[in-house]
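Notes to accompany the following structure.
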Amino acid sequence: MKRFVLAVAVAALAAGVAHADTIKVGVVGPFSGPFALQGKNFKAGIDAFFALNGKKVGDHDIEVVYRDVPTANPAQSKSLAQELIVREKVQYLAGFYFTPDAMAATPLLQQGNVPMVVMNAATSAIVTSSPYVVRTSFTTWQTASPIAKVAKDAGVAKAITLVSDYGPGVDAETAFKTAFEKEGGSVVESIRMPLSTNDFAPMMQRVKDSGAQALFVFLPSGPPTLAFVKAYNENGLKAAGIKFLATGDLTQESDLPALGEAGLGLTTTFHYAVSHDSPENKAFVAAAEKAIGNPAELSFPAVGAFDGMYVISKMIEATNGKQDAKNAVEAVKGLSWTSPRGPVSIDPDSRHITQNIYLREVAKDAGGKYYNKEIQTFEKQGDPGLAALKK
Amino acid sequence: MNTLFEVSNLKKNFGALAVTNNVSIGMAAGDRLALIGPNGAGKTTFVNLVTGHIKPDSGRVTLSGEDVTGMRPAARVQRGLIRSFQVTRLFPDMTPEEHVALAILQRDGKAGRMSGHYSAKPAVMKEVRETLSILGLIELSHLKVREIAYGQQRLLEIALAMALKPKVLLLDEPAAGVPQLETTRIERALDQLPKDLAILMIDHDMDLVFRFATRVVVLAAGTVIFDGSPQAVTKDQRVREAYLGSYANAGSAA
Amino acid sequence: MQTVLSIAVDALAYGMVLFIISIGLSVTMGLMRVINLAHGAFAMIGGYFASYAARDLGLGYGVGVLAAIVGTVIIAIPVERFLYRRIYGQPELTQVLMTIGITFCVIGIANFAFGPTLKTIPLPQMLQGSVDLGFRTIATHRLFSIVCGLVVAGALWFLIERTAFGTRLRATVDNAAMAASLGVRTQVVYAVSFAVAIGLAALGGVLGAELLPVEPYYALRYMVTFLVVVSVGGAGSIPGALIACLLLGAIDTTGRYFAPEYGEFFFYLAVIVIVTLFPRGLAGRFR
Amino acid sequence: MALSTQSTTGHGQAAAPRRTDRGVIGAAAIVVFGTAGYFVFPDNLALLTHIISTMLLVLAIDLVTGYCGVATLGHAALFGAGAYGAGIAAAHFGITEPLTMTLVGVICGSIAGLISGIVVLRAHGLAQLVLSIAVIHLFQEAANKASAWTGGSDGLSGIMPDAVFGRFEFDLFGQTAYVYGVALLLVTFVLLRILVRSPFGMLARGVKEDPVRLAAMGASVQSVMIRMYIISGAVAGLGGALSAISTQVVGLDSLSFTLSAETLVMLVLGGTGSLYGAMVGTVVFMFFEDTVSAANPFHWLTIVGALLIAVVLFAPKGLYGTAAAFFERRSRAGKGRDGA
């Protein structure tokens, strides 16, 4: 009985929305607190999409409803997602900077008949938790694996990993280790550092003592990045020729001015650099910089959000504004387009984005601005993390 | 004499200063003892040592033959060693009725109960009212303690001590800060206590001490210098010296 | 041996940064008896001033430090006058509520005014780079922090123990009513101490910025660290704070070298042990 | 004398039922507001359920802070223990019956209460505050380390509670979770109301107001506080279990310093030492936060900060405490006039 009532309610809801000419998209992200910058980038990416493509798909207006989850807080994320679906009657859920926040909301999708477009959260497993999840960002495995090859090519045989002791950090550690060992290298030590670490000098001593030729590091964005890079330089690791390897989270554009000279020459692999040279990206960056206000704050979550909106617009097009999660997701499987980051496509099996991963080096342009200079491209990278997950 | 309560060779130093030096006092049931001495003689320290609020350096305290020296204050209270405080210690946001009721419940081992309200227990309420009446606090039953006069708070201290049904009662200057009129209430209350109860009272009001005590102990500089009848104490040369001496010293210091 | 020495140097450097940045809080909590959770907010304001002066205006590090101290104190004066004066002597929880409220506001305003990115304070040429100690290298600014820490400790000790103001301050702390009756203008004493504490916070914010970069969330991010340091040292005691910082710095650094994955456990277990053994702190005056 | 005794008898009898009435009013208020919430905000039940589970944590803090005078910034440890307890029972042991899950949460919360009580009660004041901070960090780090059980920082998912009594399912609209939450809150309120009025409740207030006097009455201060910590753990654990059941996920944030601090702020906002203060503080803070952060997700923190400052300036005893004091003064003034 209860089920029946519910089905009727959902059907009524869906029918009601089909006629409405405004389609709501609920975006959950960190808009305040220590990760506010990343949330701001979500908004900039979405606004840039509207600036370039307009707020209409066919006859349907798109309206975005933002909800703030300042730090990883699955319970709050879930109740906000629930509120977005039930009260705001959103047809699409999007955003999600942190993995637990995304994971918490996935059980709602089927019942709410709502697809979710993950614009950042980078743990491989999210797409497996519901068939209605599509991801337009990246996974830690996807960005961390190529750097292992880079290291090996540069002649590194022994590496040490240093990661923050939390889910994504452990993910990055495993990804790098797997890829590096596959290349024939060996990881001599794996250090997990508490998230609250402020002073990295003792770890640098550990790196020196380990005899590794390179270090691979993964940290949450923000203050630790700065302290870590400084410690790397000041404790003589740079001078000793120990190579610095990381994913692009560490050298995101918004942190580069703070890193300054200390960041020069750092090599990272990532799916997007603001400096990427293509007409699509030029248009995107111009719009996004305008949206964010301060151009120095623009970094990778914006492109995830921008492409996320593109995917949502395609879903709306395919379903003609009707609330139909299944067909919406079905419609974007295998979708391929040219994103500001380069050519991308949605893998029909995993619903995760296949994209180029770039090796970049921090450089300084003529105007004294620091940027990530792309020096090598790894084309059409899938998510090796999913394969590892299935094993 | 059947000793109910005994303190033997109690010692306590604060740094180099011996505040309690080898004090021994025994009390039998029904004793009415006054502990007097000049300011700084160590009277309150003595009470604190006996009740366990301060740990002695050496010496023993026994109650009904049981050694209580190492026990926590609460454990001594449960065995019938009750004190009042020189400076009132009460719960400012509770009413006198609640104070006395809590004391009664605690005494009967029922204060840990997690349901029911004392006002629903006729036996408790009866005793509460009797105790408060004796001390003339009944009109104030429902005021918060912070709202009643200091003198009346002193009376409430006595009421609490009574409600705990002590075997040995240590009263630290019960009349300090109480208006003259009200001291008679305290005396009347003390008169109503069971005759087999041993009471040790510290006070500066010599009239009160002489009306109350059957035995006087004089403490000076942490040492017992006199232990005898009230009649004998005024004639004792050492006591006179101790008092006069301390005043003389105080005078020269000022 | 070399490793031990190396860790010792790191511990000393980290401890001194902790000291510089927490000592102001020790003054407010120990001498003025205010649980000032907004300490980090003031340190952060100092950092923003210094960053603005030194980086955006290009006035140099020295001017930046000065601007930080003066600017933060100027901002703090009305805050003290209108908000803090209402909570002197109030219950601890009221103080917590007020100072958390102030912190939230400062974070929000900083986020609005300066944006959420990290702000750096460019070091002068002479503080950049590393110094070779023979067995290892160490960043020059870290040595500078160690020296600054010692100077601040000495100066504060002198101020409190050896000057007329210090005498009045101690009298006010021991018994405000008595001090007032002896002609000490306690309101002025409080205001000056508050200014000193805020100045120290700002100085700490600037000197510590290499390790704890300035960003809006700074104000809350390090609040716990400051509280722990002050309580372990004993609020209001300068030698206590110094010992606590060196000790905690040593525990933290050693833990992070030998077993980084259990670093957090070491640190907080040590805190529990120390606080249990010395509930008033290693040399406390608080109550 | 006889006369005065008599008049007091009247007074006592008059006073006792009046207090009981207040308890009944409280319970009635929960039912009324609970029902109203269901019909007025039918689309917002997830938030309301979230408020209820937080409210249970705030009540738990009130028991130790408001009634026993313990300063704590680490009470989320008890809440998180309940949440993980219930969550792990469901995700790893297949205990998906909601009432059983709730019970598991309560037990885990009590155990966490005992553990943190033993540590936190070793000091007073600032030192106590710091001990509580150390406790919450140790709990959180332990949960982070035990990721095989807790899911670590990715959160514990896969919690699928059965229908309550086999009939009412936990669905998207959150009706079941909400009604279940209101029922738990009602039962808890009634039990706590009995507890704080009981002799034990008086002992607890005694601990807060003057522990030396309480010891001189023969009560063991330490034992009272430990027992209260265990009870508080049960209440907080209940909140945690409710959160785990209703959101079907548990994250490390449920063991965080942030949650501890935020809930303490809610308590002080409402007013300590009263169950109503705890509930009012939670509702006001969370509704305010939700409204302001939905209206402006980017700068709401400033407004919340301003609210806290305003409360200290204009309602120093907290919202409920100040209002209660105001009405008490008025009713007294009224009585005074009647008497004259």
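Observations
Per-chain numbering from 1; labels A, B, C and D assigned in written order.
By definition in this document, a residue touches a chain if its C-beta (ideal position, glycine included) is under 8 Å from a C-beta of that chain, and two chains touch if they have at least 3 such contacts.
As the structure is a computational prediction, the values presented were derived from the model and not from experiment.
Shared contact partners of chain C and chain D, listed by label: A. Here the chain-to-chain distance from chain B to chain C, counted in touching steps, is 2. Ranked by how close its C-alpha mean sits to the mean of all protein C-alpha atoms, the top chain is D. Distance from chain A peaks, on a Cα-centroid basis, for B.
Note on chain placement: the centre of chain A and the centre of chain B lie 73 Å apart, centres being C-alpha means. Separating the CA-averaged centres of chain A and chain D is a span of 37 Å.
Averaged Cα coordinates give chain B a centre that lies 41 Å from the centre of chain D.
In chain A, the positions touching at least two other chains are 32-33, 36, 40, 165, 194. Counting partners per residue, chain D has 141, 298-301 as the residues that reach two or more other chains.
Chain pairs that touch one another are A-C, A-D, B-D, C-D. Chain A meets chain C in the complex at residues 32-34, 36-37, 40, 165, 191-194, 196-199, 201-203, 205-206, 209, 222-223, 226-227, 230, 234-236, 239, 254-255, 257-258, 260, 293-294, 296-297. Of all residues in chain D, only 65, 71, 119, 122-127, 129-131, 133-135, 137-138, 141, 145, 257, 261, 264-265, 268-269, 272, 298-309, 311-313, 316 touch chain C in the complex they form. Interface residues of chain D facing chain A in the complex, by the touch rule stated above, are 43-47, 49-50, 141, 144, 147, 151-155, 157, 167-169, 171-174, 243, 247-254, 258, 293-294, 297-301. Per the touch definition, chain B reaches chain D in the complex via residues 51, 53, 72-74, 77-78, 82-83, 85, 89-94, 97-98, 101-103, 105-107, 110-120, 125, 129, 133, 138-139, 141-142, 160, 164.
Only residues 29, 35, 83, 86-87, 90, 92-94, 96-98, 100-109, 111-112, 224, 227-228, 230-232, 235, 261, 264-265, 268-269, 271-272, 275-276, 279-281, 286-287 of chain C touch chain D when the two sit together in their complex.
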